Structure formats: C-alpha cells, structure tokens
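For reference, chains read A, B, C, D and E in written order, and residue numbers begin at 1 within each chain.
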Amino acid sequence: MPPIVRTLLTRGVPLLALYLVVLGLIGAGIIDAYWMATLALICVNIVLAVSLNLITGFTGQFSLGHAGFMAIGAYATAIISNAVAGPAGFLGGLLAGGVLAALVGFLIGLPTLRLRGDYLAIATLGMAEIIRVVFVNLDSVTNGAAGLTVTQNMDWNWFFVLTVGSVILIRNYLRSRQGRDAIAVREDEIAAESIGVDTTRAKVMSFTIGAFFGGLGGGMYASYFYFIKPDLFGFLKSIDILVIVVLGGLGSLSGSIIAAILLALISTLLQGFTEIRMILYALLLVVIMIFRPEGLMGSRELSLNVFSRLGRRRPALATAQAAPGASEAQGKGDER
Amino acid sequence: MDQLAQQLINGLSLGSIYALIALGYTMVYGIIQLINFAHGDVYMVGAYVGFASMAILGLGVFESLALAMVTCMILGVVIERVAYKPLRNSTRIAVLITAIGVSLLLEYVMLYFVGAAVRSYPPLPDYFNAQFAVGGVVISAKSLIIIGVSVALMIGLQFIVQKTRIGKAMRAVSQDADAARLMGINVDNTISFTFALGSALAGAAGVLVGIYYNTINPLMGIMPGLKAFVAAVFGGIGLIPGALIGGYFIGVTETLVSGYFSSLLQDAVVFAILILVLIFKPAGLLGKNVREKV
Amino acid sequence: MSDILAVEGLTRNFGGLAAVSNVNLRLGTGELVGLIGPNGAGKTTVFNLLTGVYPPSAGTITFTRQDRGPVSIGGRRPYAICRAGVGRTFQNIRLFKDLTVLDNVVIALQQNRRYPLLSSFLRLPPFAKAEAEIHAESLELLRIMGLDAKAEELARNLPYGDQRHLEIARALATKPTLLLLDEPAAGMNPNETAQLTRLIARLRDEFALTILLIEHDMSLVMKICERIYVLDHGVVIASGTPAEVRANPKVIEAYLGEEA
Amino acid sequence: MFEIRDLHVHFGGIHAIKGISLSVEDGEIVTLIGANGAGKTTTLRTASGLKAPTTGSIWIDGKDITKASPQDRVKMGLSHVPEGRRVFPRLTVLENLELGAYLRRDRAGIAADLADVYARFPVLAERTKQTAGTLSGGEQQMLAMGRALMARPRILLLDEPSMGLAPLLVQMIFDIVKGINETGTTILLVEQNANMALQIAHRAYVMETGSIVAQGTAAELAQTEDIKKAYLGG
Amino acid sequence: SGTTAPSSAAGGGAAAGGDTVKVGLLFELTGNVASYGTAEANGAKMAAEEINAAGGVNGKKIQLVEYDTKSDTAETTTLAAKLMTQDKVVAIIGPATSGGMKAQIQLSAQNKVPIVSGSATADDLTVTNGKLNEYVFRTCFVDSYQGTVMAKYAASKLNAKTAVILKDTSSDYAKGLADAFDKQFKAGGGTVAATEAYTAKQTDFNAVLTKLKGQQFDVMYVPGYYEELGLIIKQARALGITAPITGGDGYESPKLAELAGSALTDVYYTNHYSATDTDPKVTAFIDAFKKKYNNATPEAFHALGYDTMKFVADSIKRAKSATGADVKAAMTETKGFSGVTGTFDVDPATHNPIKQATIIGYKDGKISVTEKFS
C-alpha cells in the first residue's frame, strides 16, 4: 500500500465514520439544538486548546493570552460576515481573523518571546488585555461594550472540516522538522541553540501558528453563538483554555481533544446543580490535578490509526515547567 | 499643580493596595515558584472575616484585623497542605491549575454562602475618617494608614526573608529542596510557614481594603489579585521590594493615565508599559537577569 | 595545514572578574588539542565564548572552513555558530532528557535538511523525502556510536556513560568541522575513560574533525592530545606538546601537582 | 556506628538496590566503588533519607533511623555531600556555608568552623559574596564539602567528591577527606576514581547493578585481579 | 423525551396535559454580572411561589427550570436551546443583560418561545435594524427613555446648564443612558463639558474624579450600577465635588445608602418604583420579600424579576393555549399590567413597556424626593 492510501484508510475512514454518524444523528433529531450547541462549543474548544497546546505544551512558552487571539478572530469574522453575506463573507472572515491574529501574534511574539516562564505569561496576559480594551474602545467598528450580533453561519459540516483540519495541520506541523525544533526549545533552549536550532524563530513560528488557530477558534465561536462582546475574551477565558490543555496533558493533542469533550460533558452534568455547580467544578478541578498532575494523557497520544499501537509515547514536557531550582542543580544525575 | 499632587496621592494609595496583596504573592512565589492564584481570594476571605468580626461580633478594628490575619493564616496553610503539597513533584503548570481551582472554589463557596451582592463595612472610628486639606489637595487618614502599612510590611518581610534563620531556610528551599533537607531544614514546615505569612498578609490587606473602600464582595479578589501579580512581576517577581515598587508604579500609572488621558485606556497603558519594561528589563525593574551558567 | 580556528585577544569579564583575559589560540585543521587548567581557570568560559553562549568582552574569533573561507564568529548567536560548523558538548550533560535517543540526534541532524513549512503542514513530497533521509542518517550515526539498540529509549533512562556518548553523537549530527568537548570523561571510571579515549581518536579520523577538548583526566589528555593549552586565571600560562606541558613548572604548580 | 541491612530500593518498576548490607565503623573511611548506574548514589540518598527504601533498615549508633526524616538524621550527625554538588545557586558562598550549620546554635563554634573551612579552601574565602551558581565546577565542589563540614558531622557521606576536579585538587580533596577523617569523622565515600579511593580508605565495597559483589580491606581489593581489570583501568 | 423530532415539534410545546406549566429561568448566577442575575432570579422565584400558592395559572402550577449562564454568551445560547428544545418551556425569563438576551433572539424565533428580560435595556434588543424581534419582550425601560428623562429633569428641576458624564464602559446599559442623556441635554440648550468613563468592579475612582473636579459643571450624570456608584458618590464628596449626581435605575438598592453613607446627598435617579412607595402592591411586595430573604430590602433587580414572572404568568393566563406562540400573542396585547415597578402597556410595535419614570432624590442619606416625571 502506498503511504497516502494507508493514511487515508487508517485515519480517513474513522473520521468519515464520525462525520456521517453525527450527520445521521442530527438528521434523526437525536442531536437537537442543545446538543448541537454543545458540540459546537466542544469543537471551538478543541481548536483553541490544540493551538494553545502547540504554544505552551509543545514549545514550552507559557501563554496566558490566548483569549486575545480568540477575540481578534471573533471580531474579524463577525464584522466581515455581517458586512458580506453568504459563505464568502463568513469564510473570508474566518481566514482574515486567523491571519490577523497570526500577525498580532508575530508582532507581539518577536520581542516578548525572549522572556522566560512567568514573565512571558504576564506579557501575553497583558497583550490579551490590551486587545480587549482596544475592542471596547473601537466603538465605531466593534460597538464597544454593547457587543455585536452575528449571523449564525456554522453548521456541523463546517465544524467538522475546520476542527479536524486544524488538528491535522497542527499535528503535521509538530511531526515535522519545524515542530521538532519547537519541542527542542521546550526541552532545553541552550542545548537546542548549541545544535543549530534558531530558537527565536522556532518560538515565534509556533506562537504565530498557535495565534492563527486561536483566531480561527474565535471566528468559529462568533459564527455560531450569535453574539460577542469584549468581556467574553477576558483573562478568565484564557484560563479556561489553559485548563483544558493542562487537564488533557501538556504536549498531547489527543489529550486536549479528550479534555475538551470531557469538560463539556461535566458541564452538562452539572447544569442541574445550578447553585453549587461552580463549587463542584472547582472541586473536580483540584481533585483531578491532585490525582493526575500530568493531565489525563500525560504527553502520550492516542492514535486514530487502528492498526498502530495505541498510546505511542511522545516527548514529555520538562524544562519549561520544572522548578528553576531543578534546572540549576548541577550534576550528572537528574535526581528528581 | 494641585491636581497633579492630588493624583499622585491617589495613585500612591491605590498602589499601596496592590503592593499589600503583591507582597504575599511575591513571597510565596519567591519560595516555591508558584503563581498562587488563590492569593487574591484569601484576601477576599480576609475582608469577609474582618467584616463579620466588626459587623456581627462587634469587635474593634484592630481585633478584627488580627482575627482576619489568623483565619487567613490557617486557611493558607490548609490550602497548601491539602491542595499544593501533593503536587510538590509535579510541573509548575499543574500546580498553577490547582491554584486556579482553589481560587474558584473559594469564590464560589463564598458566593454560595454570602451571596453575590456587595456588602459595606460598618462605620469606623473617627480617626479613620479624618481628612486633611493641604492647599487644594485632600489627604485622608485612610490613605496615610494604607501607605504606611504597606511600607512597614515590606520592610518587615524583607527583614524576615533576608536576615532571619527561617528566611534563609525559605530561600534555600526555593532553590533546591533536597539540598535543603540535607542541611536539616524541614522543607514542609518551611513552605507552610511561607504560606502562613503570605496568607496573613493577604488577610490584613483584605481588612484594610474593606476599611478603605468600604465595599466587599466574593469576587473582589480577582482583579486586585491579577493587578498584584502584575505588580510583582513588574518589580521583579520574588523580590519583596519589587512588589512594593511594582504596586506603586502601577497605582500611579493608572491614576495618571485616567487623570490626564482617558480612564478607558488605563489598563491598556499599564500593560503596554509593563510589556515595554519587560522587553528592556526581562526580569522586572529590580530583577537581575542572571543567565544560566552552562 | 591551515588554521581552522584563530582566537585573538579573547576576553570576558563577569562583573569585576576577568574569567578569560587576552587569550590567543590557534587550531590547525585536523588537530586534536587539549585545554586544561585548574578549576575556575576559564576553560568552559572559553567554550561558551567560542559557541556564542556569551558574547566576548573583547577579542576576535575567526573560524575557517575550507569550502567557505574565514568568518568571524565572535558574538554571533549559538545556532549560527553551530551552523557554521562548530559543535560542542556540555560539562553538565544537556540532553533533551524526555525525548528518545533517536529524536535527540534527529533534531540536530535535521538542521542540515531543510524543507518548507508548507511541506510540513501538508506532508508534501519534499517532507517525506527529507524525513526518510533524516531518519536513516540518524540511525546510521547512532550505529557508529553504538547506541542504535537504544534508539527508542528516553535519553533520561540511559546509563551515564551512554548519555555522554549520545551528547557526542548529537554534536556530530550537526556536521561540525570543529568539535568542542567539555570534560567528556567526567564521572567515568578509569576503564570507561580508556574506552572513551579510543573513541575520540577514532571519531576524529572518521569524521575528519578538528577537536578541542577540556579534561581533567590526564590519562586521556596526555594520551591523545597533540598539543595542549594551559589556562590559569583566564590567562594562557603554557602551551605545547604533552611532554612539554607536563614538564612545565608553572603547570605543575598551578595544576598538575607533584604526582602527575 | 553506621549500618545498612538488607536494603531494597525501587524507582517505580526499576529495582535499583537489591538487598545490600554494609557497615561503617567508628573512625573508618569506607569506600563504595562500582560502575555507572550500579546504585551507589541511590544508596547514599537512601541513607540520608532523600529516598525511601522499599524494605531494609538503616542504623546509626545502634538506632534504627529508617523512618527518620532527613533533618532528624542531620541532627544525629549525618551529613551528605550529594552527587552534583547541589549548592544553592542563588545564595552567596557565605550563605551556603551558614546553611550548613542550620541546626547548630553555638555561634562561637560556627565561627570557628567557618574559619576552618576557609583555611581548608582559600578560594571560598576569596569568593564569600559570589553567588554559588556562578562558581566553576571545582569551586562548587569545595563549597559543597565546606557546607557539609559546617554541620560538624560525625558521619559524612561523600558522593564522588573528585568529579570534575583538576588533578591538583583531586589530590587535595583526598587529602582533605583523609584529614577530616583523622579529626574523628567517620566517612562513607563513593568514588569513580577507585585508585585514589582505595588508597585512603580502610575498607571497601564493590557494587554492581544494585548488589554488593565484593568487599574487604582496601589494600586487599586493590590487589584483586578482577577488580583491577574492571575498575582500576589496569 | 425525544420521540418526536424536537426541532419541528418545538413550537413552545407546553408540558402537554400535565398539571404544570414550565417556565425557564436563565440567569447569570455566576460570573461577571452574577449580582444582577441572581437578584432578578430570586425576585422571579418569589413571584412564582406566590402564584403557585394562589393556585397557579389556569389551574396549573408553574414549574421553573433554572440554569446558570455563567455570564457567558455561548453558555446562554446552549442553555436557551436546552430550555426550548428539551425542557420545552413556554417562556424564558432572563438573562438580566442585553448581551445575554441577544444570544437567544434567533433561537426564540426558531423555536417560537418568548423570552422576557426584566432588565435588558438596550434599545436595539426588541427591534433590530428596524425589524421587530417577535418573541423578545422586556418589562423595563429602554436606555434612551431614562437618559432622556434625567436630562430633562436636570435642566428643569436642577437648573443645570453644564453637565459632565461619567459612565461605566463595561456595560451597554450605561452607554445607552449616557448617549441619550447627552443628546437630550444638548438639545435642551445645555453643554456637556466632559465625558469620562470607568469600568465595572473598579473600586478606586479618585483619579477620574480629581480630573472632573477641575471642570466647572452644575450636574454629573453617572449612569451605572449601585456597586460602583456608592463608592463614586462617596469618593466624589470626599474630594469636595458638591454638584448633584444623577443616574438611572441601576442606583436602586439599599446598598447604595450603605456604601455611600452620609455622602449620599444631592443624588437623583430615574426609577421604576420607590421602596418608600405607599402603594399597597409595593408594600406587600417589600414585606413578603423581607420575610423570605432575611429582612433584606429588595433592589430594583428583585422587583423587576418579580414583575417579569408575574407578567409572564399573566400572559399565560390570557393566552389561548399554553404554547409559545399564543403566549407571545397575549404578551403583545398586554394592557394595563400592574406590577410593583409600575403599570404598563406593551407597545405592539416595539414590545417595550410603556411606563412612567419615578425620580428618586436623596439628601443626607435619606430619600427626599419621590416624583413621577416624564
């Protein structure tokens, strides 16, 4: 079998099956408006989490500003698709949103990615806040705090294409030389430089690509949920996305996907407990982290490829998150 | 001129509040490199304990302050033992997420029990409400108290961390816990002590803010917590004088931006300055950018 | 035999401390040269200056490759210096500990096998071709270093000696013409050191390398180095053949002691 | 005075120490040699309480300390210079040394010991205000030794103290170890540099993949052919 | 549940044949605006209990299905879909903010379930781009009305020639009020000397107040909510700003007096009702509320939530059947509905209630003025 045929069979068939099953369930009315909205949210969260995982989990750059990219994508899509009706406006909006987010990511990333750890986190957090404040103040374009009403342009077909497409593209990136450079940066920046990895370039590239898909996620959000306003994209949204990434496992794409689904299900289950739902959610978060600090998947991947071994081991996250003390402890044995 | 002087006073008072919270933040960070997102919420709990103690138990301001500090101290240690200690050997982001979980937990448990509505602190003794007018500039006793307390606490903390035995132990633990054990340092107790101290400070800040603004609510910790974190980073995270300077800087900048440009832009300008400062001083204003020796 | 590396007036200060001051070094193509000296003499700092980890406070570093001619590498970024043809290992092992042995080598090797970003995203033919080559070459290199059986293990799980070997393999994968080894035998017992000594000599020949190495184990240094520079307090206090250096009273006093 | 009985240690599934027993008598230098990964470091880490054993026990002065915390062991006179030095990188040399005496209260004694450490390692005296992380490898090794001495230990565990040191210093370190021993400190020394270790030790154990495969007086072992071949490079 | 395809059969299907009628309660119980959402939800719940205690509507008990939007729009859309298609409610009450309402406008039309807010005041909520949103209702003033009324009041009763505006930029509500005030005040011949802003959850307003103090003005218009207003009033008076401070129904809360204390003087705002009102309906409401909630005095949000529930129940009672479409029709035809926040008709063209504003004024922490004004 030529590799391309094999890939289509092993990966394409299960995906196509997934697509058709959901389509069938929608047709049969089993997936109703409520479940469709839940599905939409899952898809948006997958795109957001996977793109943040690229930045934080794989490249080791701690970002607290993903909601900023989301906001750019959401507003660009909203404004363009409101101005130009039909698929042209909506797809153009999504693309413009992604590109704009990538551009901002590039411009912000270039100077700030020199920062390490928490300093980078705070710089990205600041960036997202600035983006939000700009949207509040660009009254004539964004309608300020009052927010924008958006036409619903997404359906299951689009969600499927965009979500699966994003995941595949990011996965391909990670398993290429550019992606391995990014992982090398995460593992040990000094060592990476010493073997010829242009670490600045690797970081900025991951950040820009992550920003693009963050923007795309925002655009998908805006195109389904009717209404956006700046305070949806605050600091807490960035945290929400980070929670998905860490819960799934830093450095595991399938972990991010599983966590996005799991959190949506948890949220559904908790909806009945109006009064204490957030208490239960917070408790659950703490308990999960205590018992599985490496996240649900660690850095392992679950493969769709039914013929390959399940759970092929992928690189784990180390340097970026290990306590600074640990990396400075000299000596040959890594004692912890 | 008067207006500028007034704005500076305003900025320093606001900055003191950020500094008060940032001190505890930065100390905990300095020792275990944890961005303790729950710190802002411990501060909130402190504000409520102060409120309950004054409004319900009828205690005086200083008794209430003490009570809030002790309660928060216990709360801080419990949080550390239950939620953070099991993650001693995990990645820092894992602990960060746990801290966010704890933060949400405190907020929503509080929301559940006391409701979302704001509460106002009971009336205070007169000396708190005094005001002085110097020319056209109004200075309130509360401002002076809060500025004074923040400076005093900074000095006290700096002394503890730099000069005392336990302070040295704290720094040793922060750099290499195993090696610290080999020196005979009880690492768990040292970390608990750090939390106790940091949380007591948060409790004090909560009561002082309650007194200063006279309003508290279960979500009051989020924004100041974030700003305090920014202040700590700004000054050089882990550095106690940095927290104070960062707090003042942010307070004054915010005030001047809203006073002379537009209050709409205050957060954006603060963050923009922060990013610029970090680009030129990647370890904050006071931080030294030590490169790892290879 | 032309000089591959010419260092002139190299100086580096840390605060008030002159870790390296006015150092001149010359390495001929194909030479195997030792850099020795007491602890804190500035040997590792010289490596760090040569590889761009620190910019020099003063001085020039000229690196020559037959095919490209001389270039000044002082103060350039480490990755650029590596790409110019200078590879190194670290005194404290710096592997990508949570990656596989193979991936450690692949990342170094792929720096010479570029293909465009679009190929990566879409898995276009250039991607597949280059990946296959990278994979094959990496395995070949591991085989030469005797690590091929452990290609899929995580680097952190290797025994210490293998980790040292892997670090050398990773440096070789960048296709250097000049290789800098910082205490390759540290932590090895005399037996292992002897094996390593033979390996280094072999690598120099097989890969047509010029090697500069720092080492405190005199059994290794004296056996394979053709020339030796001795550094003390940041200054070159002696240089010459092993025999000359060993007999130099300054070196004996500062470094070797009476026993050596 | 120090004893390990039938110790087993696991790292997850890895059985790193497979039932070793060893003892160090009062005033002795005992050395533990063996190839990389034999388990020497793990033995010392278990002895000082950084790593919990699966089974087996550790004794000081006839007291079972298997369950004692590291700081209690320090109190009982145990001091451990870990592999890789583990100095506190952002503290100064002086602060590192002061921490060595963390559990001591006798100011005068501490001052005297500090002077003593400075006398043994003059480099440290020149660098009291330098942060330890920027010291060279050898300087850090001296600092780590000095720091351990500040606890005025009765039994000192040393993990490869000669690693990365210049020949002159290797000699010096072994002299110092011997000197420390002569002032009454019992020493358990782990070394790769087996030649030197056997020269100063009274007795020795040889470890291989988690087990002790040979033991005896240092002089005896230095003459054994197998050991010469495997560890002494001859 | 779903044996029939929900999307087609979702025409606001009532709990068929049962002895209850389901009403959705979709509010911001957590998140940014939890304090308003919670208050309104509690008001509505109290009303539902009263209605059920009195025998329900048309013999059926009201069954509330309550969810929390977390102040998030995606959550709002999702849960609105759940209420409409799975829980099959007849109508949804909430959310409290216009943004939340906007997230379910399209669903309300698709599923034919009326949605009613007690406090979503954005002008373009019920009529978007000149088109009426058929299933969207509210029981509160629109922003422009309150802003206009206060501008007139400031000019005629407070003799103000120059005004400054300080608005909460994080809420569309304050923005709407501010814009309307600005327009009307200028139209009436006044000048607006400065427009400044703050954001919700801010606690320190000294900077912007110090800046305003440098201006000459006769009145301050500060649309926003009591949480911030209590502090603004207090800090303004402490800085020596003595001009009257005016605003909208966001001021209405006993907390305002608590927070501002004695500084609460020369403060005027537009409101639906007054807690000192002697109307028996109002006093009964206040008494019942105090009894249920620990002696707390109700706020505007409580009253609005309460009225909204009563309004929905009233419409169900008048509807031909308990289906969304019929209830919507009944709502549109409402005439003279009398609640604690006033008596109103629903304007069929805009679905806005036609009701008169009450001006409430404070002196030394006590209410000194209560007058109807328009």
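As a convention for this text, contacts are C-beta pairs under 8 Å (C-beta built on N, C-alpha and C of every residue); 3 or more make two chains touch, one makes a residue touch a chain.
This structure is a prediction, so every number in the text was calculated from the model and none was measured.
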{"item": "Touch-network distance, subunit C to subunit E, counted in steps", "value": "2"}
{"item": "Longest centre-to-centre distance from subunit D, chain (CA-based)", "value": "E"}
{"item": "Centroid-based (C-alpha) most distant chain relative to subunit B", "value": "C"}
{"item": "Centroid spacing, where centroids are CA-atom means, of subunit A and subunit B in whole angstrom", "value": "31"}
{"item": "Length of the line joining the C-alpha centres of subunit D and subunit E, rounded to whole Å", "value": "74"}
{"item": "Length of the line joining the C-alpha centres of subunit B and subunit E, rounded to whole Å", "value": "36"}
{"item": "Touching two or more other chains - residue numbers and ranges from subunit A", "value": "136, 190, 275, 278, 317, 325, 328-333, 335"}
{"item": "Touching two or more other chains - residues of subunit D", "value": "50, 82, 84, 86-87, 89-90, 133-134, 137, 163"}
{"item": "Touching two or more other chains - residue numbers and ranges from subunit B", "value": "108, 111, 175-176, 178-179, 222, 264, 267, 294"}
{"item": "Residue ranges of subunit B in contact with subunit D within the complex", "value": "165, 168-169, 171-172, 175-176, 178-186, 290, 293"}
{"item": "Residue numbers on subunit A that touch subunit C, as the complex places them", "value": "3, 169, 172-173, 176-181, 183-184, 187-188, 190-199, 205, 299, 315-318, 330-334"}
{"item": "Interfacial residue positions of subunit E with respect to subunit B in the complex", "value": "29-30, 34-35, 38-39, 169, 196-199, 201, 203-204, 206-208, 210-211, 213-214, 227, 230-231, 234, 238-240, 255, 258-259, 261"}
{"item": "Touching residues on subunit C, where the partner in the complex is subunit A", "value": "51-53, 77-80, 82-83, 87-88, 90, 92-100, 103, 106-108, 110-111, 113-115, 117, 119-123, 127-128, 130-131, 134, 156, 160, 163, 170-171, 173-174, 186-187"}
{"item": "Subunit A-facing residues of subunit B, complex", "value": "29, 32-33, 35, 83, 86-87, 89-98, 100-105, 107-109, 111-112, 174-179, 222, 226, 229-230, 233, 237, 264-265, 267-268, 271-272, 274-275, 278-279, 282-284, 292, 294"}
